[in-house]
Amino acid sequence: MTSTAPAPASPTPSRTDELLTPLGRPQAGWRLRLYTIIFEADTRAGRLFDLGLIGLILLSIGVVMADSMASLRSEHGVLLSVLEWTLTGLFSAEYLARLLCVRHPWRYARSFYGVIDLLAVLPTYLAVLVPGLHALIDVRVLRLLRIFRILKLGAYVAEYGALGTALWATRRKILIFLTFVLMMVVVLGTLMYVVEGPANGFTSIPVSVYWAITTVTTVGFGDITPKTDLGRLISSAMMLLGWGTLAVPTGIVSAEFAARRGQEPTTRHCPECLSEGHLPSARYCRDCGARLPPWQRDPA
Amino acid sequence: MTSTAPAPASPTPSRTDELLTPLGRPQAGWRLRLYTIIFEADTRAGRLFDLGLIGLILLSIGVVMADSMASLRSEHGVLLSVLEWTLTGLFSAEYLARLLCVRHPWRYARSFYGVIDLLAVLPTYLAVLVPGLHALIDVRVLRLLRIFRILKLGAYVAEYGALGTALWATRRKILIFLTFVLMMVVVLGTLMYVVEGPANGFTSIPVSVYWAITTVTTVGFGDITPKTDLGRLISSAMMLLGWGTLAVPTGIVSAEFAARRGQEPTTRHCPECLSEGHLPSARYCRDCGARLPPWQRDPA
Amino acid sequence: MTSTAPAPASPTPSRTDELLTPLGRPQAGWRLRLYTIIFEADTRAGRLFDLGLIGLILLSIGVVMADSMASLRSEHGVLLSVLEWTLTGLFSAEYLARLLCVRHPWRYARSFYGVIDLLAVLPTYLAVLVPGLHALIDVRVLRLLRIFRILKLGAYVAEYGALGTALWATRRKILIFLTFVLMMVVVLGTLMYVVEGPANGFTSIPVSVYWAITTVTTVGFGDITPKTDLGRLISSAMMLLGWGTLAVPTGIVSAEFAARRGQEPTTRHCPECLSEGHLPSARYCRDCGARLPPWQRDPA
Amino acid sequence: MTSTAPAPASPTPSRTDELLTPLGRPQAGWRLRLYTIIFEADTRAGRLFDLGLIGLILLSIGVVMADSMASLRSEHGVLLSVLEWTLTGLFSAEYLARLLCVRHPWRYARSFYGVIDLLAVLPTYLAVLVPGLHALIDVRVLRLLRIFRILKLGAYVAEYGALGTALWATRRKILIFLTFVLMMVVVLGTLMYVVEGPANGFTSIPVSVYWAITTVTTVGFGDITPKTDLGRLISSAMMLLGWGTLAVPTGIVSAEFAARRGQEPTTRHCPECLSEGHLPSARYCRDCGARLPPWQRDPA
């Protein structure tokens, strides 16, 4: 990596900041002005740019979708092509502008959003240059992920962060749960393969495991169904099992959310040290030991 | 708006009140008597009117349903027509009575329930006058929404409000969650369109996204199902993902309900130490031992 | 009602007791001995009787099921008939014994379990006497409900009562929720009837409402599916809606259970008045105001 | 049982320990060195052995699955056979090594994991010796269960135990709930059998009960669906019922998890007033204002 100097505007950047604003703001001049518009949303121009970009991304997704519908493509093929090229041009210009105004272009280009930005424009060019790669053109739908970058700027940031933190805190429990479920569907899928057999649609163990997942998650496509009495008995047990098992991840996430929600009423301030985050039932400041005024709840 | 004088009976009307009793009560005379019957439920006549109206609305929905069943319409067509015209006549009379007794008829007519009341009678007339509009006749089912107006008068008001408030408090988290889910189904639907292709029923990206929603929500109609091994592998991952994802809105709502439920018995204050959070059955303060005043529950 | 004297053994019988032990115990003699065996489970004979009865009921359900399977009936028809008549005989004897030993036979015969006990034996007799009533013979499956009476005697009584009380406490919220869901499926079902029409399987509004319930509850049979683009768009919205809506009853029940669970650690006793049910955080007795010893949690 | 001397290394072995490390460690020599590698994971060699074993088990499951797919078996049949025999050889050697180094080989052989270990190698040998037993070869998939033994050694032990304890605590409530659901589906299945009859696919009561489970758990395969109006009405009620019923196990598990989660930060005691329930971040007692000792979290 050629540039190791820290960006002045963010002396202690967290990994998330790094991810979201890939490479520190420039210090002055037109590049700073461009940067505040493209990468930030604290100015009127910056907010307008973000709103416009969201609109263009959604329009672009609409074009990709319409392009995949045979009737629309045959009727409005030219319009869709013009729209696609216009949007690709705009996104290319935006990508170049980002590269231009950022302090470390190479680091930006290799960052998560730098790659997504490139993937948003590359397929259209490649589909023309290399006809064989036409199948790749639907990679354009990844443009949707660019909305995440903009979302961080809205009024929903706090909720977004809280949701993410809560879910992240449950990752170990969820992983253990998933391990159990995977073992369960492999064992039960194999059992059904033996019981029903290829004649009844359970053509192989992987297909039977796919069917077991279909059943345990209560999706139940019905493309494969048990035909024998024993198979139906085992299926019934699996459905009840899967139905009950669904309670586990829900319980994990609910408990996590509830525990965090219960700690929320923390707008109380300590009159001595001004610390926050006291529980409704606390009577003394947990940070300096001063007596807290009684909790005044809003008449909700 | 031509009438801006505030309704005397509700000096500080909230937006909800405004919605529910569209335009303030008249001050005296037969219009006030009619108003108390039609719009209110504090008198015996008012309650009887509401009960009768609920009965007529449900009967009317039954007529609309029966009218759509070929066998019933061919057998009892005349009876259904008579019933429909009688009900339309009664609803029309009610609509006129509401217009008559309300203080600001024009404001009522433009209010939410004013429009619903008009939509409840208009289709029957329009279907006769303009034969081409016969398809609109099922708009009559919106009569069902009129029950909401009456429900506000029952014993379930408090619970209804509590439910609504709790759900409203989760709207931001739910919206963020929905954004993620929508992005997920668009990206996964496109992936399946590329993997399975039109030959296996995934005829376009919108259809594939419809299938992805079917799968992730565990509905699983089975009208479109993956046929290739790779498609089934991706589907399996999607089902497990959707199954786990279902835990998120449930967790959000559960935590909100739990936090509100947990606070239900805590409006009691200790007269000595002002501590809160006493159970309904407590007789002495759990923090200072002072005697608590007896718990006053609302007559629910 | 001819007998109004209270049963001596239960001076203040609750409605539930009334329901479960329909008519008070006799005072002495062989009737009392029979009563303790048949109606109670505090003696060894009583427990054996209950276990035997559960076994016979389950066997009887098995016979009813086997009787409905064409292959089993043609092969083992005689065996099934013998078993059925033996079981009916035993249940008849039990019914007569219950009538004999109970203090108020007529009140027992009209009670909930008295009717169930009669329904358990009547169909077999009726099917022979009145051949046209053969369709009624599957009413025998109601014998299953008799297990409820016996369950009250097991070790699960406390949990059973706690579950029931918690669910009963949520009945108003659940009812409001159900009203909303029913309105939603009627309106959305009608919309789909208009959009898809009889040609695509939505043959009438009731059928479309059935389909809407299928979709919103995420069952998704797939016997009726949307074919038009607009119909699939509306379906997608309905699935997401139903998926999210599922969070509401779960949240209601979870919050209720959590609130009750949170109040559970109530094995603390007041050293003064011996009252129970103090919260972990309480420092003074809520009943007499005496100071509580600090809460000692088990090292779990 | 021939060996009753307690294993010195675990003076008070719980039933779980017994299950996981079937028979106590040897006291010295090469058997102890082998034991620490095979049964324990505290040494580098032991961890490498466990990782290698997990890899081999997963590879072996892959081979079993590939062997069941007709196309793969016809193409790569020889490779699959070689892999299978190599893996069976390795697992056999491991089984023998376990028998050799453990203090009480016979007790190990009869323990849960001893049987699983034998079942992991036996089918391959049996399929060669007794051709008629070829159907049993898929018992090999039970090798997957051996991963559980290894999982106990990872960083997820605490979470795994907490999940298990919480679910175990709900077993009574879940059992009562399951009893109700089973009664419900038997009664409703019989009802649908009477209403729809064999002509509409409800060929017997067991099949109708299978369908009822399909419906109530919201799986909805669609292989059997109601055709009559009355049947669809009952189905609609069943779907709504099942949808609501799903809230019960989720509520039970959520409440259990929430109660445990809520107690997580409360093992701190105030040294002055012995109050509990302090948050991890608190520095002073919220009840008496005394300074709290710093929170000692386990190195998770």
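For this structure, a couple of remarks:
Letters are used for the chains, namely A, B, C and D, taken in the order the chains are written, and counting of residues starts over at 1 for each.
Just so it is clear, contacts are C-beta pairs under 8 Å (C-beta built on N, C-alpha and C of every residue); 3 or more make two chains touch, one makes a residue touch a chain.
Small disclaimer: the values here were computed from a predicted structure and weren't measured.
The interface with the greater number of C-beta contacts, when B-D is set against B-C, is B-C.
For C-D, the equivalent interface within A-D, B-D or A-C is the one where over half of the contact pairs agree by residue number, namely A-D. Averaging Cα coordinates per chain places chain B and chain C 30 Å apart. With each centre defined as the average position of its C-alpha atoms, the distance from chain A to chain B rounds to 30 Å. Taking the mean of the C-alpha atoms as each chain's centre, chain B and chain D sit 42 Å apart. Across the assembly, chain A contributes 206, 209, 218-222, 246, 250, 252, 254, 256, 258, 262, 281, 283 as residues in contact with two or more other chains. Those residues of chain B lying in contact with chain D across their complex are 218-222, 250, 254, 258. Those residues of chain B that touch chain C in the complex are listed here as 61, 64-65, 68-70, 135, 138, 141-142, 144-145, 147-148, 151, 156, 159-160, 162-163, 166-167, 174, 178, 181, 206-207, 209-210, 213-214, 217-223, 246, 249-250, 252-254, 256-258, 260-262, 264, 277-279, 281-292.
In the complex of the two chains, the chain B residues touching chain A come out as 172-173, 175-177, 179, 183, 186-187, 190, 193-194, 198, 203-206, 209, 215, 218-222, 225, 229, 232-233, 235-236, 239-240, 242-244, 246-248, 250-252, 254-256, 258-259, 262, 274-277, 287.
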